[in-house]
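After this come two complexes, each holding chain A, first together with chain B and then together with chain C.
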Partner chain A sequence: MELLLQTLLNGLLMSGVYALVATGLALSLGVVGIVNFAHGEFLMMGAFLSYLFFALQGLDPLFSLGLAFLAAFLVGGLVYQGLIRPVLPAPELNQMLLTFGLSILLQNLALLLFGADTRVVAPSYQAATLTLGPFFLGAVPLGAFMLSLGLLFLLQVFLTRSRLGLAMRAVAQNRLAPGLLGIEADQVYLLAFGLAAALAGVAGVMLSVILYASPTVGFIFTLKSFAIVALAGLGNLKGVVPAALVLALAEALVSTYLPGGGGLVEAVFFLVLFLALVGRAWRSP
Partner chain B sequence: MKLQVEALETGYGKAQVLFGVDLEVAEGELVALLGANGAGKTTLLHTLSGLLRPWRGRALWDGQDLSGLSPAQRARLGIGHVPEGRQLFPLMTVEENLRLGAAFLAPGRDGEGFARVYALFPRLAERRRQLAGTLSGGEQQMLAIGRALMGFPKILLVDEPSLGLAPRLAEEVLLALKRVAEEGVGVLLVEQNAALSLEVASRAYVMEHGRLVLQGPAHALLEDPSIREAYLSL
Partner chain C sequence: MRELSHLPFLSFFLLLFALLPFLPLGIWGAFLLDVGFFIQLFTAMALSWDLVARTGQLSLAHGAFFGLGAYGAGLLAPHVGTLPALVFGAFVAGAGALLLGSVTLRLHGLYFAIASLAFSEVLRTLALKLAFTGGPIGLPVPPPFGGVWPLAAYYLSFGVLLLATALSHWAEWSPFRLAQAATRQSEAVARVLGVRVVRVKLWSLLLGSLVAGLSGGVYGMKTLFLSPYDAFSLGRAVEALVIPIFGGLYSTLGPLVGGVVLVGLEQALRLWIKEGYLVVYGAILILVILFLPRGLVGLLGRRRG
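== the complex of A and B ==
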């Protein structure tokens, strides 16, 4: 029983970061309408940024969080202006090929610059744990979980309270009307894409401590995020958090209970994606 | 202020839809644009609000050429458009839809706008917390008009507001538009329901195959035998 609860607890803590990354993907999908296979690469950049500052300057990853947010927002904005915007009127396949190509390019750039090794950012508190009765909570995963939920809450406030947030939801729900209401859709797309990248960038800093930084760390999260977004319903932001929880819990259970589970964890999202798609097909014949 | 259309031609791809349309609407008047399905009425409205580029000819707003302005820029000049099919934000509440109407066109005037829209359509006030997608057809049409009014347009282009509505509701919506015009907004009303439109309009144009074939005061058109036969089936 204790093992089960500890497992669920681990899954719960991981779900925050998953939700953060997947929310970014859902934003670019729902608002901009682009299938961004390079989403995880923003995360990878955040992770390496955290690693570089830590290794070269001894900068605590806590400070890298803000820097990664800004840097990823900037890079996301540039990617939108330079690559995404010109391809928006093109067929979806062209868009997907572009983002897929960008993903491969960025991964190989990282490989060239940093090599294939996994790099961990290990501040003094990395292994700190809190004990809660019979359970152990990693301080870093707990902090990442709280921070992710905090950021998602702020995003929710932005989307419901602010003018630009409202515009962002509007663009996601209707393509024709926003222009007639004085909203320049293109600027909203730019903001949404930058924000999506920024969320991934912040998550990357967290993962540089919880997991590691490596050229391919982002792509795994792109795939996991797709599974989460498919489970939540394409473009449905509210469904992302519960869907992220489902994936994280499933992974935790597999890693604890399945013999050789550690190696199978990275396949769980395929199962989730498969079941989500089958479930959808059954529900809407 | 006046919206003037001069020798406007446009179409989609190679298919020409409008063949030289001249028309004008001034503030405070309700002008009906009648015509059968496919005559080019919606195409004209799309060209006026910048959703479609003109091939030749131009639209002038208060003497200023609108060519090259985006829909958002035209909206900021005071050209409101209630598009065909209402185009609401279905997952937002009535109030959020209305707030969006004001957010970028009349920031800070929400209070005034809400009062105006809820006075015009009291039913929307009752439904303010309801999701737009769950409203009835008539309520959705009211919301679409209300949302456009939240931006305090000087000219309002309204595309087939009576489409799919029960006769009583259609009349309610068109009478509301008449009140909007009486408050000083110019309304260009595109309709297939000629009888009802000519009741509320002061002037009207009739469009056939991308050309304006008739125009005049609404009461005169109501008496016109060709109109009575073709559009009023009398």
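== the complex of A and C ==
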């Protein structure tokens, strides 16, 4: 019983970061309407940024969080201006090929620069744990969980209270009408894409401590985020958090209870994706 | 008509590949035969990817079909001989495609793209974990026909290319092309006009996966060794899609031209860049989509008017 609860607790803590990354993906899909296969690469850049600052300057990853947010926002904006905007009128196949090409390019560039090794950022508090009755909570996963929820809450406030957030939701709902009302759709797209990248960048810094930085770490999270977004329904931001919880709990259960589950954890997201799609195919005519 | 101007090109390419072992190449002969082998195999992969793309679907699972074919043929070849093993490998790949396609092809195109990528990643994980594949250690494969004929692997790959070209050419110049193009341009309109959209997409995927599976099987018999990282590599899917995009989408000639240029280039570049050579493919993919969306063949076609 205690093992089960501890497993569920671990899954719960991981779900925050999952939700953060997947929300970014849902934002670029829902608002800009682009299937971004390179979403995880913003995460990978955040992770390496945190690693480089820590290894070269001894900078605490807590400071890297803000830097990664800004850097990823900037890179995301540049990617939108230079690559995404020109293909927005093109067929969807071309859009997907472009973001896929970007993902392949960035992954392998990182491979050439840093090699395939996994690198962990290990500040003094990395292994600190809190005890809660019979259960253990890692300080870093707990902090990442709280921070993720905080950021998602801020995003929610932004989308429902501010004029810019309302414009973003308007553009997501209808391509034409907001333009007639004087909303510059292009600038809203730019902001949404940059914000999506920034969320992934922050998540990357957290993962450099919880997990590791490596050229392929972002790619794994692209796939997991797609599974979460497919489960939540495309462009449905509210559904992302529960869907992330489902995936994180399922992974935690598999890694604890399945013999030799360590490697098969990486297959759980596919099961979630597959079942979500089967359910969707049944409901569609 | 356009179709008449393409056939001589296609025949020329195929004739060149058929005769390559008999040309006086001197000391470069062995190296060029190896390059030719890979060009044929990966061009066949590219043609099979293009077949799926003609319905507007982005398949990122061609690496998985390749791997399924390679492992299916590799596991069976010691027991039943070369050709039955290759056919079996192709059927395994086809079964995987049907499983993937029957769930995802009824939905919006992006679901298929995502699911196909996830499919190929998961199959690699499984190939690493399952007992009968040899796991991370790998799987030795016997050479074709007991190794009595040194050119066997080369001509098997020629056979796969011939099949892929014939299939692609048939699909390009038969009513099937119209069904594919209608599906690609607007599924809703195609449906109204009486095209059975899901069936067209599923057939295209099945045919494409069979060719990819055959390519995988022949690949294993050439390298004589399979590992999950190699056979199920995402790089296979990347090659299979960059070649047609570079050469010219939705045609038979485009992937052929693209294959000769890009695979030839890759075999040369591999001497310098070992890990991470996919950087080149990523860059080509982005540049071509942005600046040359109709590919090399489109460039020539525009000048001709």
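Just so we're on the same page, the second predicted complex is superposed on the first by the 283 of 285 C-alpha atoms of A that agree within 3 Å, B and C clash if a C-alpha of one lies under 4 Å from a C-alpha of the other, contacts with A are read in each partner's own complex, and residues count from 1 in each chain.
Going forward, a residue touches a chain if its C-beta (ideal position, glycine included) is under 8 Å from a C-beta of that chain, and two chains touch if they have at least 3 such contacts.
Predicted model only: the values in this text are computed from it and were never measured.
In the superposed three-chain model, the partner touching more residues of chain A is C, compared with the other of chain B and chain C.
After overlaying the two complexes on the shared chain, residue contacts for A:Leu62 are found with neither chain B nor chain C.
Applying the stated contact rule after C-alpha superposition, one finds that A:Leu78 touches neither chain B nor chain C.
Touch criterion met: A:Gly179 reaches chain B, while chain C stays clear of it.
Look at A:Arg169: by the touch rule set out above, it reaches chain B but stays clear of chain C. Only residues 163, 166-167, 169-170, 173-174, 176-185 of chain A touch chain B when the two sit together in their complex.
For chain A in complex with chain C, the residues that touch the partner chain are 35, 37, 83, 86-87, 90-94, 96-98, 100-109, 111-112, 115-116, 223, 226-227, 230, 260, 263-264, 266-267, 269-270, 273-274, 277-278, 280-281, 284. By the touch criterion given at the top, residues 53, 56-58, 60, 103-104, 106-107, 109-111, 113-115, 117-119, 121-122, 125-126, 128-129, 234, 238, 241-242, 245, 273, 275-279, 281-286, 289-290, 293 of chain C touch chain A in their complex. Chain B contributes residues 49-51, 70-72, 75-76, 80-81, 83, 87-92, 96, 99-101, 103-105, 107, 147-148, 151 to its touches with chain A in the complex.
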